[in-house]
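Consider the two complexes below, in which chain A is the common component and chain B and chain C are the respective partners.
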Partner chain A sequence: MVPRSLGVAALVAFAIGAAPLAAQYADPYAAALARLDANSRFAIELVMDSARTVGLSDTTLRSRVLEGVQKHASASRIVESVRRKFAFLRTARTMLGQVSNEELDAASAVLEAGAKPAQLQSFKTRQKGREALEAFTIWADLITRGVPGEEASSAITKLWQDGADDATFHSLWNNVQADISQGLNPGAALQNRIRETPQRTVTPASKPPEGQEIQSSR
Partner chain B sequence: MTDSERHPYVELIAREARRPVQTDPAARARIMTAVRAEALPRSRSSIWERVIAPRSWTLSPMAGSLLAAGLVGIGVLAGALTANRGGRPSVDRATLGAVRPPVSDTIVKFVIVAPNAGKVSLVGDFNDWDETRSPMLRAEKDGLWSVTMPLSAGRHLYAYVVDGAWRTDPSAPVIDDGFGHRNSVKLVAKGSTL
Partner chain C sequence: MNEPRLAILVAAALLVPAPRELAAQIVSKLEAGQYSVSDGSLPASVLRLAPTFQYQTPYATIKARGSAYLSDQALQLADGIVSGTFTSPTVYGVRAEMIGNASRAMDDRSLGTDQVDVQTRVHLLYHQRAGMWFGGGVARPWRVAVVSSADVTDLGMWAKVGDAARALGVATFTATFTNFSFTKVASVHDSGSASLSCAGLAIAPQADVAPARALFSEAAPGSSACERQSRFGDLEGSVHWDLGMIELTAQTGRRFGDSYDVTADSRRWSAAKATVWLSDRIAIVAGGGRQPALPLRGLPARSYGMAGLELAYWPLAKSSVPVSLPHSPLVRSFEYHAAATGMQRITIRVGGVETVEIMGDFSDWTPLTLVRRGRDQWELSIPVAAGMHQINVRVDGGPWMAPPNMPTMKDSFNGEVGLMVVGAAKS
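Coming up: the complex of A and B.
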């Protein structure tokens, strides 16, 4: 019964072989990597190793890979994008020091949008507990929508130094976005709205809300 | 060749071979008595001998298929366990610290107006940008599509996929995605409701 023995052996081998295959596809990141060519995979893993070596979280970089694959970007574009993101993350940390990974991510998005690294310097010194997550998010958005980088930088930095809270940054963004959507020049919209923004004194960071809450994106 | 064609010497041997053998009528009884007097060989071999003894199995096609399915199932299960417990992502996140805490404490409702759309889904860094994971439901009227998503506090990037086309949320800040398009940004909790 040699053929049957061989058949059973083949089944066992197949099952053993299926284990790593299943492991690969149970992990979306591994599955995404598997869709790239070997050189691209190697290049991306090098970036990941570099990030880990300098103590940066690779979560953002992994998400960038997944996003690129889901958006059907070319392998070379994905590699380039991951490299750029890593470079901006590293620069952001150099400028800001030890801040949360999310703040670092938001700051890197500001750099990616076109801000200069030195423009982050003002955000390094801050009151304990204060985060620039919202400021960076609005800053990156303004540049992305066409506000000149210098104008966006000086406006956000001024607000930050004046102690503006998250609601103030959000209100500014809301108004500028509305003006831009009505056809106003992005730079002019920002200048108009920044003049209306009241100056505030620095207030201690509020305690995060507890329990569940409903937020709407609309 | 017939018997008559053989050599006489061969014929002699053949004739001698054909002659009935005269045996002692009591010989059979003596032999059987001697055999029964011998100790029986051990009916059970050692476990090791039984393990290594060659044997053949027969399997029906149905049994073979079930066995194959079972083995593949074991492989898939082992693979999934490997990915969840020993895979690189888990190790890396445990080592470096995840960006977002694993427990989601805020329910966020995402809404988009797309009256002419046939299919809308939410994608973002919270669902690995997989458009099959968070399909949005259409309201009866107004062309509103919505989905609620448990999110951890912090910053999230997302987009809507409307009939296969990636769209940003008009009510949220945007950033370049690094691939020539834009993503929306959602800041959750910490007093922000962007």
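Coming up: the complex of A and C.
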């Protein structure tokens, strides 16, 4: 007589074996798309196609699909999110010009957080090799924490124009979030801390070396 | 159950596809201390060494554990076990698990008893705070009074109470019921004088002569009259209390079965253990209690006491292990540092939890399980390209949250993500 436990064991062994097999979809993006209905898939592919047509990388958009599926969002929500992200990427590129995909992604995150497109304008001209990834990250966070958009924008823009480095942005964020967690109003916390941030005058050392041009995407 | 059936189950275990994510790391521990037992199988008090090595990937764990003691200036093996556990991904709170063990116990110095067992379980999880499981399997012992494979079925439930961030820590309560069914050779050790049923067989009076199990085993084919179908069930309850630097474990149990199968000294038992962590890697351990007889392992009931040191070693990855594919109040800190070219080492500190996972755009939003590197430290080295990345963390399969101590923003799906900047300046 076959013991019942053997039957249960065989069944579960099959389940264990089958689960990883099912999970081993060659392309996670294809697997994620397969979980959406045909209309949503079509809508997403349309956005992807548009992105490629205007020369934008579709990596960020694919990632958004994967994120939505992993977080069990509805198909319509995913489609809407992908469309919004595409719009923000396109706007960011319009405002910043030809910057790296990473920076474009970060800038679109700032817009997604609630910044206005025109507020990105100041970041278009920059010293060659300088990246605004940290600045954009802190900016998006400040808005998320409740700092009014205008105040966050002017503070970050001012620091950027003063030539602040990544450490300065990070230090500002650290102080502001500590103040907010102590119960201070987010806007007031930023204003207090931005006043404490050492003013950088543009010294010869912070200017580009002789012969090195200021990178402009114009 | 016969050998082919067992072979089928073992083969089924081997056919389980290798997990795709290879965040494999090795963890080792060594427990060294004084150990005392009451049953006379070991010297009354010995210096005991119990090393453990564990090779762990997100969906599989291979573990080797043993113990040896110093006797007459020589190291004697007491027992050893190699086990493998395969776990399926959790889908809608359901997870499957397959466990295989091969072990040897040297309770009798002249004769080791061996056992191979395979067990499967289905777990139902409730927000990683509580759960239950049911399962079954087979165990095949050798050189003990049990002359058949044993059918093992078990049912258990657990609940976690408390919060690691609070002073009272986390307590995990577990209750299990395990049923064993097998054929054994009646022994004069059995309560109720099972040897009566073997009247006339010369074997019974010799049963007390060591090594008794060898006699039984060899005599079994020719003395079927002495075989009987045995069945007993163990009901056990335990609590594990994690108070930060102190861990307390207490368990108690009761064995159900008729007097032929359960000896009087195995009806009830209880044990306790305390671990005091002096650092992330060194702990003082002390404990004692009573252990019931383990018929499948050929071990008698015994009282024991022990005190010693536990040295835990969670080596830092020398070469980062790439993962090919790919704010909880509990999470105390989150850090990331460049580990090698294109690699980031994620370090999270959170205590009293079973699993810590992260996911983000860098993993195609596939959850990656971190590897425990200390009591409350979890790590993973992963390839992350330069840029700003979104990241979520979750503990014990709970909700995805933004890690603490880092910039965040709202995601598009009613949640929050952490923003991780990886670049030449911030690495």
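Rule of thumb we're sticking to: the second predicted complex is superposed on the first by the 176 of 218 C-alpha atoms of A that agree within 3 Å, B and C clash if a C-alpha of one lies under 4 Å from a C-alpha of the other, contacts with A are read in each partner's own complex, and residues count from 1 in each chain.
By definition in this document, a contact is a pair of C-beta atoms (placed from the backbone, for glycine too) under 8 Å apart; a residue touches a chain by one contact, two chains touch by 3 or more.
Owing to the predicted nature of the structure, the values given are computational and were not obtained by experimental measurement.
When the two complexes are overlaid on their common chain A, residue A:Glu112 makes contact with chain B and with chain C alike. In the superposition on chain A, contact of A:Arg84 is made with both chain B and chain C. In the superposition on chain A, contact is made by A:Glu67 with both chain B and chain C.
Contact with chain B, but none with chain C, is seen for A:Arg52 once the two complexes are overlaid on the shared chain. By the touch criterion stated above, A:Glu131 is placed in contact with chain B and with chain C alike.
Touched residues of chain A, counted separately for chain B and chain C, are more numerous for B.
Of the two partner chains placed by superposition, only chain B is touched by A:Ala30; chain C is not.
Residues 4-5, 8, 12, 14-17, 19-21, 23-24, 28-29, 60, 63-64, 66-71, 73, 77, 81, 84-85, 101-102, 105-106, 109, 112-113, 131, 133-134, 137-138, 140-141, 144, 165-166, 170, 173 of chain A contact both chain B in one complex and chain C in the other. Interface residues of chain C, counted against chain A in their complex, comprise 1, 5, 8-9, 12-13, 15-17, 19-20, 59, 86-89, 91, 96-98, 118-122, 135-138, 151-153, 181, 325-326, 359, 361, 364-367, 385-388, 390, 400, 407-413, 415-416, 419, 421, 423, 425-426.
Residue ranges on chain B touching chain A, taken from their complex, read 56-59, 64, 67-68, 71-72, 74-80, 82-84, 87-89, 92-93, 95-100, 105-112, 123, 125, 128-131, 153-155, 157, 166, 169, 171-179, 181-194. Taken in their complex, chain A has these residues touching chain B: 1, 4-5, 7-8, 11-12, 14-24, 26-30, 52, 55-60, 62-64, 66-71, 73, 77-78, 81, 84-85, 101-102, 105-106, 109, 112-113, 131, 133-134, 137-138, 140-141, 144-145, 165-167, 170, 173, 206, 208-209, 211-218.
Partner chain C is touched in their complex by these residues of chain A: 2-6, 8-10, 12-17, 19-21, 23-24, 28-29, 60, 63-64, 66-71, 73, 77, 80-81, 84-85, 100-103, 105-106, 109, 112-113, 131, 133-134, 136-138, 140-141, 143-144, 165-166, 170, 173.
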